[in-house]
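Letters are used for the chains, namely A, B, C, D, E and F, taken in the order the chains are written, and counting of residues starts over at 1 for each.
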């Protein structure tokens, strides 16, 4: 390496390699704590978008009620625009009429964004496996991060799902 | 799915065997009480499949039904008169007149629901208006079912085939959304309805109306 | 003036609640206690025994492989499918047992009602979330495991409002 | 002091200098706030993921629908009269401060015109409030 | 040049001065539905409700399932009012199959239905509060609702989808010391309910937003065929529990709440007052209930109805729910039609919102006690 | 000729510049600073205060408070410190953060729940930091047909104007950034900017919701401005000055609220309306127009606007303190109204009692 650096002909190339390697080391050294800090922020600040797709929204409401109070985890129902949200909880059945809208809501959210499939209908279609107007699960529409089973799931199960999602975020890269 | 249907058939078979065997063991000549005792000893269920005891026809409901039948004669048929429930079938040509009579003379003032029933065997679709009354105290318990039958086509083309009937929106304002639903679910076009659009189904629905009997859902 | 009084009364009502106990159940640390051990059914009387409808527990020694639970689920969610098991149990001549997909199950309990051999019950376990769909499918071996349950908190009502202790 | 009063340019210079010295910190804080927070936007642009491949993302937010029509249209807002009132009375009411801050030094007769002025303002206000009560014309 | 478009399709014409707003499906002020609202400035010119985002075809699927398998399905439209939406189904099937219900089961059903009515109304009230910008009014009812959910959970085992009422009675008996617990919680709950009065109903700001908006006159309420609290807020004394008492409601002591104003405020207040009546009913039913006895008449495995039809209705939190069941000598019903209060009240929406200000939209919309999942079925 | 031109993009160039600056600063602080200190040990230094400032002494200045204090003191009286830290930007930002957190916990208590709990181990004390980190690492979406320069400028201008607002407020005797003789008029002048920013960004975003929200914001702020101005006239007459510091000093013995209760109430109501707090939250009424003029803002842009908003809230509270009409009384009322009404994420009317703000 040193020889190459000294050599007039190979020097420019070797310098580039050296600088590149130094940069890699720096990025690794800086990147890891940086990732951790950002992921820590993301973990405790999940704002779900207000999109009620079906009846599971009742239990989502119960989860933000005083008894289960998901604000403890930093999850506030950001009662506003989807541009400020980072979590989409698919609360139940997705019908054929809703599916394009769901996808559009997902598309318009800023990255990074996470999806929780809540309830049997969102996971596999559940009770409506043979209905003419219901999608068999939302896997074909959105990439799902966590599945929360139940019909509807208890708020505890939803909170457990959110904790799983936090684990998942912890292990992902920041960018 | 295939295994599921197999299982279904299996269980149905066993159930039928069960019932037939119990019928076989039952002696033919038995009074009602004896049969009851027999069933109780066997630990079997007592409830009959079909209610058998005839109920008396109540007077008030009978008078209402008579009013309608005396006015319209053989244009309508009174299907049944039970406690709190009357059902009348009218032809679709005079359903508006019947409805107006019911509203003005019998004081039924709103429609609770508009349902369609598909009868592919007789190639007809039945449209039933369940009418109720808020203004008349005596009619608080009553539901008046006004039915009509429209022809049904095997290859439906909703809106432009013969499956159509006059709308009752001018008579009972409250049927507006119910008739829209009936239109998209059965393909019955209501003539004179101001806003005959699709209501519940997706905008790109291109299949036959889903509540018809020949529309099969998955795996059935 | 009545408006002013109304606003003051509303403010007063809000302030009073600073003295009311918090209602929150701190879920991961505390868990609610339920009535009974889980939903059970007595086929003789035709009446169930109240209890939470969580995930199922399957008693292998009682299961005969009769498929009644699967048939009961047939028109509801089709969550139960019968799978081959390697063990040959005394009662179970067909060597099939129910396998439940919790991605489909709706926890209605009609399969428990359908089981005439006291083999299928529902437990107090509800923590079933997972990262993948396939992890939601519980095999007969998984269903036989008794869940660890530590549910001890109950709602308490006193003068300072309802709370969870 | 008197020296400046006799030369108009000197007065102007004094006024400008005083204004500059007393108002410049406002401008300074204004710029500092921008300078201090602006980098967060740039930083955010650097560290946040950016996926621009999907054009749907950049459509205006319209409740999950494909937007119909433009966001910037001719739009009738029934509260336009408020703006007109603001334009007229805001400037006028600022002048009250000039009077208000020196009322104790003024002769008493100076109060009369200002009372007339106040009467006009309050009459207009009362009329506006009366109109506000009539919801149907909003 | 203009070709005839098939019905169900139409072309939007865009007016420059009139702005079209899609309120829903992703909108903080909409539920699972869309309102196409055209506004001229701050005034609503027209409103076209577009439901169907949760249309799951319950009625069609009911034709492929037998009478017992339909139970979990038919409670899904209103899961937080599941006892009430199953109630007319059970009554109808019992009439079709000729089943008698034990006396104790009838009382238990009434208790479950009334508890569920309170749960529904509290949830609705929470939503109503948050949509008027009052977050405390979301939290308090949503928290107090859990008291009743605990009771129903003890009865049936599930938080919201109980599947508790079945044709022939109820699925399981009450747990031990239920009555004592129920009485204690209901009394505490009545105390809590009075707190809402000061912070919400007598609050001048709420009154200013709701009073006088969306007025529905008595004749219009009857003509539009509304039901439930919308109807009673317009001065029509109609409650199915009183007019056509089912099970044991005629033995119980309660009264119908009627208001004459017909505005959003009256519509929001009637369900609140009805909760007091529900508490009365529960306490009365607990007193009059037989202390022991059977709670379920056993059915055959695959019961078949005759060649018959039946229409039964009950009063739920959103109005009358009617089931029209046609049977066909088969284990499955031939046709099930659910006539629900939400769908019947939907017609009020374009009627009431026309000419209102945009700011009154949430008050009018949620005052109609509309639950989109139920309306779509 | 045309080989270079299409590939060159100004945005990419500027991006690379910033990238470079970032790395330079990072490497300098990690590598350069130690080197500087090492070098300092071997270089002769001049005499200061009659003492030879050896590198050793220079180092001890950092540790020895008696040596540090004079330097800090002299620094504290520079304008730059005032702008950056104490009465200026940093102080207001910290106060805003504290306000948000205290409000959230307070409101949660009133609603019988806990509020933020797990972020930062102790009662969720780091919740806002978490929110900030998250917002900073969120993507910023600029709508396709938006007027990009104005859309970018909106949040910056908002924060900047809020900062300009901060400059006018006397926090303690002698502690004020800008002390013009017509300070009260300057306050009105700054307030007049907010509706303009709202309308500009609303128009720039090209969305229906922002458009309606911006117009509503404009009309509401404008409509309440004249009552706001008139409500403060009484104070000016009584104290005979437009300078905020002098107004405060004139109330040493008793507060003008004793003479001007109606003005006080009018001021309270109008300031609520100016801040778009509940119940005057028409511009952000989320159940009608999604989030008003904030609808299209995402990521850090939204964060900046929230920061600005809360800064203004704090400032208005200090105004209430500096024109001490009601002091504790008003703060108590505001704290109650916090729990009583709430809109958006944590947009509560005003906030809880922080008596130390008003004690001077």
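Keep in mind that, in the parts below, a contact is a pair of C-beta atoms (placed from the backbone, for glycine too) under 8 Å apart; a residue touches a chain by one contact, two chains touch by 3 or more.
Please read these numbers as outputs of a predicted model, since none were measured by experiment.
Counted as hops between touching chains, the shortest connection from subunit C to subunit E is 1. By number of C-beta pairs in contact, chains D-F lead all other pairings.
Greatest Cα centroid separation from subunit F: this falls to B. One simple way to say how far apart two chains are is to compare their mean CA positions; for subunit B and subunit F this gives 67 Å. Here the CA centre of subunit D is 18 Å from the CA centre of subunit F. For the pair subunit A and subunit B, the distance between C-alpha centroids works out to 49 Å. Each of residues 38, 51, 66-67, 69, 72, 79-83, 95, 97, 101, 105, 108, 111-112, 127, 129-133, 151, 154, 174 in subunit A touches at least two other chains. In subunit E, the positions touching at least two other chains are 19, 25-28, 52, 55, 57, 60-61, 64, 72-73, 130, 136, 139-140, 143, 146, 161, 199, 205, 298.
Those residues of subunit B in touch with two or more other chains are numbered 201-202, 210, 215, 217, 220. Of all residues in subunit F, only 109-114, 117, 333, 336-337, 339-340 touch subunit C in the complex they form. Residues 47-51, 54, 56-57, 59, 61, 64-66 of subunit D are the ones that touch subunit A when the two sit in their complex.
Across the interface of their complex, subunit E is touched by residues 12, 15, 45, 47-52, 84-85, 87, 109-113, 115, 117-118, 128, 130, 134-135, 140-141, 143, 145, 158-160, 172-178, 181, 183-184, 189, 196-202, 210-211, 215, 217, 220 of subunit B. For subunit C in complex with subunit A, the touching residues are 22-28, 31-32, 76-78, 101-108, 126-133, 136. By the touch criterion stated above, subunit F contacts subunit A in their complex at residues 23, 26-27, 104, 108, 111-119, 124, 126-127, 129-141, 209, 284, 286, 290-291, 294-299, 302, 344-346.
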